[in-house]
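After this come two complexes, each holding chain A, first together with chain B and then together with chain C.
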Partner chain A sequence: MAEETGLLPQRSLGGEVPGGGDRRQGLAFVVPALVLITVFLILPALWTLYLGLTDYRLTGVQAAHPKVVGTSNYTHALGDKEFRDALGRTLLFVLGSAIIGQNILGFVLAWTLRSARRWVRTLVETLVLLAWILPGVVVAWLWIAFLKDQGGTLNTILHTPGHDWWFDHPMGSLIVFNVWRGTAFSMMLFAAALSSVPPSQLESARLAGAGSRQQLRDVVIPSIRGHILTNTLLISLWTFNDFTPYLITKGEPHGASAVLPVYIYLTALPGERLGFASAISLIMLVINLLLALAYIRILRRRA
Partner chain B sequence: MSPVELLRRIGFYVFVAVVTAFFALPMLWLVTAPFTRNPSLSVSWPDFTLGNFKHLTDDPNALPSLYNSAVLSLWTMLITVAAAALAAYALSRVRVPGRDGILYLLLLLSSVITGTAAMVPIFQLMFKLHLLDKDLGVILVMTGGLLPAAIFILKDFMDSMPKSYEESARVFGANSFQVLGHVVLPNVRPGLATIAVWAVVNVWGNFLMPFLLYRTPEKQPAAVTLNNFYTEGGQPNLALISTFSLLYSIPVVIMFLFVSRRYGFRFHGGIKA
Partner chain C sequence: MRVSLEEVTKVFDGGVTALDGLSLDIEDGEFFALLGPSGCGKTTLLRTIAGLETASSGAVRIGERDVTRLAPGERDVAMVFQDYALFPHMTVADNIAYPLRIKKVGRAERRAKAADTGASLSLAGLMERRPAQLSGGQQQRVALARAMAAQPTVFLLDEPLSNLDARLRLEARTFLKKLQHDLGVTTVFVTHDQAEALALADRIAVMESGRIRQVGTAREVFQRPANVFVAGFIGSTPMNLLHGECVAGDGEAATAWGHQVDVAGVRLPVPEEIVTELNPGDKVIVGVRPEYFAETEDGIGGQVEIVENLGTTSLVTLTTEGPRIQVTVPEGREPAPGTTMHVSPQPGRMLVYRADDGELIDAP
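What follows is the complex of A and B.
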């Protein structure tokens, strides 16, 4: 974002030494990074394309001599009930926890804490950020403990001993968990966005008799619309690719909490169907690509 | 104070209390269980015992796995910072046609090709390269994923650095490596620190890659070991799990405090620090 401003003075200063020697040296400087990115980032993605066309398995005849089976993995995946269920659960997870949950809670926090006292603000922000920075494996255990049927903190507070949240409402629990886990990013992004709303506009709205709800609707929301879109796309992308649900539920009970990343893992390694899992991976990559392209279009339009 | 104002005040404090409880309650277990004798998954007033830490030091894999995590994080960080600094410097100073396009494309790819979406081919690739169950495999995969964003951030820092510094060094006959080492890098230290911390936190917390790529328990980093503590009865050993979770989380919190104190928060194209 600050990128564009940085480029101009550099060009006008004209410090770039012309000549082939510098260009060649520049190339040499770029090579290590480029090789690492090509081999360990781009190559796996291309390999998915190929693997998805084969009947590759972890063991057996297909492991030594995978056969090209064309697009049958893809047609099979799209018609497969388990896959479609996993995709549906993932969309629910993204919609509920990111697009609705993190977005709204993040905005409300940024908006209300703006005028709060310093210690209140520090306290709430610290807790929200802490939930975001703790390692995924640790927060998984925290939430297993929090929602535990026997003696879990939530059941103690609600006086509902023995209620097994992870078993009875796996997706609902995952959604609440992910709101807890990820709201910090939205809160910080919206806090930054709100501080860029010109105070004079808010002031004139207030003088014209607008209440805080009207100020929100007519002044604040329109001027941070770009940020809302940016935020929504980024948190959707991250939530869509989140592997933490595996750490909490392993997809249990009976796959009822298997979002797409968990489903891919279970199909590929314990299930040993690498070709089929690759086909699903590619579908996932395509969805990621669409989200990222939408994000870039918004950035372009704003620049 | 008018009644409306008063109601709004009360509403605000109720909201703050509910949010605070929602975010704080799940974390209580992390501060009580490690200091409780034979902890369960419930939160209870701790006995303030340090016995669990003693048990942890007796476990053959616990402390070594923290060391493994540190080794993985530091190597990944070093390679990422070195390769990113070289590339960012070249891209910032030498005019290559389509440079910004390439940079955006790499950034796009690194956010699209996530570990979860690419776990199958990554596993395959490591198998073919004989890098399964080796530190180098995990380090290289993590580096490849972190590099595009690292280059992007560093180039941003280098673009905003005045060229005259380098020119005067060149006048005195410094070559490109000397200019980079003595002039450019000291000037972009905040950028280097940001990337270094960001890389360490990412590797330290990553579960999927080591889970996928290691076979031998002794080589596994803390993220994987945390799920391997069982009692003799086959139940999760909560004394070790809670205590280890606390030890494993502390470095992340410290690094986070360091960065936010020292450099404040900055948004770099939405990178999760």
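What follows is the complex of A and C.
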């Protein structure tokens, strides 16, 4: 046996790698990326965690000598009306624009475009995609112009000059805006999902006499349930963390359009309460984690 | 119920003509095969009967009813798809009962009917399983049960055996034939496998590029293919199609039969019943199945090139002065490659086709 092993190529796991390098050489390739991640991701996260336990402010005495205040930022946040209002607005924003708006509109578009003519499909897909790929600053400006009280496009169309949509219906306008902006993703995901439904199953249902609604209920929705779940989670998380509303309304009027990310920003920078804002950030992170965990649990139960 | 098609044409959006003015009558209770190579339009024809495709022109009738423009659900037909198309999230019982659920049959009646139908196809112990937990043969029976549950007037089967492995396929074939016989419901099935069509069907329609080339019983289609296309398609070993020419008979043949056919330098007697249809100088194609060649001293001579063992027989390929000829020889009689062999068609087993249009020359 001993002499035979000499015929096999020498190979050792972990130590030497092909090309003659060793572990140290491998590490050298990874270090630059690790340094960047540490400096720009891990340290700020830890710093935020620390700040959340202090009364750190942007200026003044607490900026120079912040005091550790323990969990009082958190207890204060949970009892604070402004924070709870912002959280409520965010949930409304997620429910209205993502879970209901983008999900349903995206599905309806994908379902109807399946049987549409080729040029109609291409046209609609391009328009919807355009809303998705335009930079946030551009779409923000477009929607400010679209809903402007004086000379806004919508007011011109509806013959309602002077109606200030962003002032009178800040959350409603934001929800409509976000449905417009984000539906492309759901549409594309559902289009891919629908093309995976075996045509013979739909045809079996048709032969049994099932109409469109029954085909949806009995064949389509059961077979794309996983896709619906994934889509709902992703767009919920994205909408929950979306900062674009700030570009349009800056939280105006009087915080009525301040969803959680905007509220944190307003608290931290113009409000100068960095410690408190850090604490809310962490609460937001925990909510994100809970959402993702719930999703993984549901997926696992299905499998 | 009788199914009849009149001048049915189907042109797809891209301009492809899948069915080309096709007429066909399928009798009540018949087990009918649509047979042809891929792309011949057989599946389109089945889907047109089902209503999944709408005929561009022509009429489809089921019984006395014109169903040409009716939706699939209104035609009272059931179809079993090649992949069975079972609903993966439903149990076997729910799958079978699905057509009844759409027809708004009550829950209790539905379940009873599904249980009955399932039991008749030996699915009784599997009713609460999901399709993914079943074998291929079981899945096929569930698909059949779902088709039977609604008691349709016509069954349509798309390649019913192609998703089963070879051994199971034979079992399923016997089972399917018995089931159709017992139910007595008009059944149309599509297949590209001529053996399957011959074994199962009461009658077969052989199709090529959107047209029917021959309709007949298995025996008719096998023994007297109406043209060289059918002749080449039917039979597990393809028929020999040998180009030849009609010549005036000489010697004894001149007085006895009149004409002979010259194939590869050997004169074969023209079958008696068609002798008046041929004139010397006519170009013909002689069709003889490998099974119907016999060894004779004065037959067509050739060198043995290849011997393929088929079990009870062997298929021998001969190179002659003209085309290659394939003949079967019984077990234990295989010639050695390189040796010479003389063969001629068994009496009454030779078919003569016109060389120009490939149609069978039949008795007047």
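One rule holds in what follows: the second predicted complex is superposed on the first by the 264 of 303 C-alpha atoms of A that agree within 3 Å, B and C clash if a C-alpha of one lies under 4 Å from a C-alpha of the other, contacts with A are read in each partner's own complex, and residues count from 1 in each chain.
Basically, a residue touches a chain if its C-beta (ideal position, glycine included) is under 8 Å from a C-beta of that chain, and two chains touch if they have at least 3 such contacts.
All values derive from a computational prediction rather than experimental measurement.
Novice: Chain A superposed: clash or fit between chain B and chain C?
Specialist: fit
Novice: Which of the two partners, first being chain B and second being chain C, lies in contact with A:H76: first, second, both, or neither?
Specialist: neither
Novice: Mind working out whether A:K250 is in touch with chain B, chain C, both or neither, as first, second, both or neither?
Specialist: It touches nothing on chain B or chain C.
Novice: Quick one: classify A:H163 as touching chain B (first), chain C (second), both or neither.
Specialist: Neither partner.
Novice: With the two structures laid over each other on chain A, which partner does A:A210 touch: chain B (first), chain C (second), both, or neither?
Specialist: The answer is second: A:A210 touches chain C but not chain B.
Novice: Could you let me know whether more residues of chain A are touched by chain B or by chain C?
Specialist: With both complexes superposed on chain A, more residues of chain A are touched by B.
Novice: After superposing the two complexes on chain A, what is the shortest C-alpha distance between chain B and chain C, in Å?
Specialist: Result, nearest C-alpha distance in the overlay: 10 Å.
Novice: Chain A residues touched by both chain B and chain C?
Specialist: No residue of chain A touches both chain B and chain C.
Novice: Which positions of chain A touch chain C when the two form their complex?
Specialist: 198, 200-201, 203-210, 214, 218-219, 222-223
Novice: For chain B, which residues count as touching chain A in their complex?
Specialist: 12, 15-16, 19-20, 22-30, 33, 40-43, 79, 82-84, 86-87, 89-96, 100, 104, 106, 108-125, 140-141, 143-145, 147-148, 151, 156, 159-160, 162-164, 166-167, 176, 201, 204-205, 207-208, 212, 223, 226-227, 241-242, 245, 248-249, 252-253, 256, 265, 267, 269-270, 272
Novice: Which residues of chain A touch chain B in the complex?
Specialist: 1-3, 6-7, 10, 13, 15-16, 22-23, 25-27, 29-30, 32-34, 36-37, 39-45, 47-48, 51, 105, 108-109, 112, 116, 120, 123-124, 127-131, 133-139, 141-146, 148, 150-154, 156-157, 180, 185, 188-189, 192, 230, 234, 237-238, 241-243, 247, 260-261, 264-265, 268-269, 274, 277-278, 281, 284-285, 288-289, 292-293, 296
Novice: Residue numbers of chain C touching chain A in their complex, please.
Specialist: By the definition above, chain C touches chain A via 50-52, 71-74, 77-79, 81-83, 85-89, 98-99, 102-103, 146, 150.
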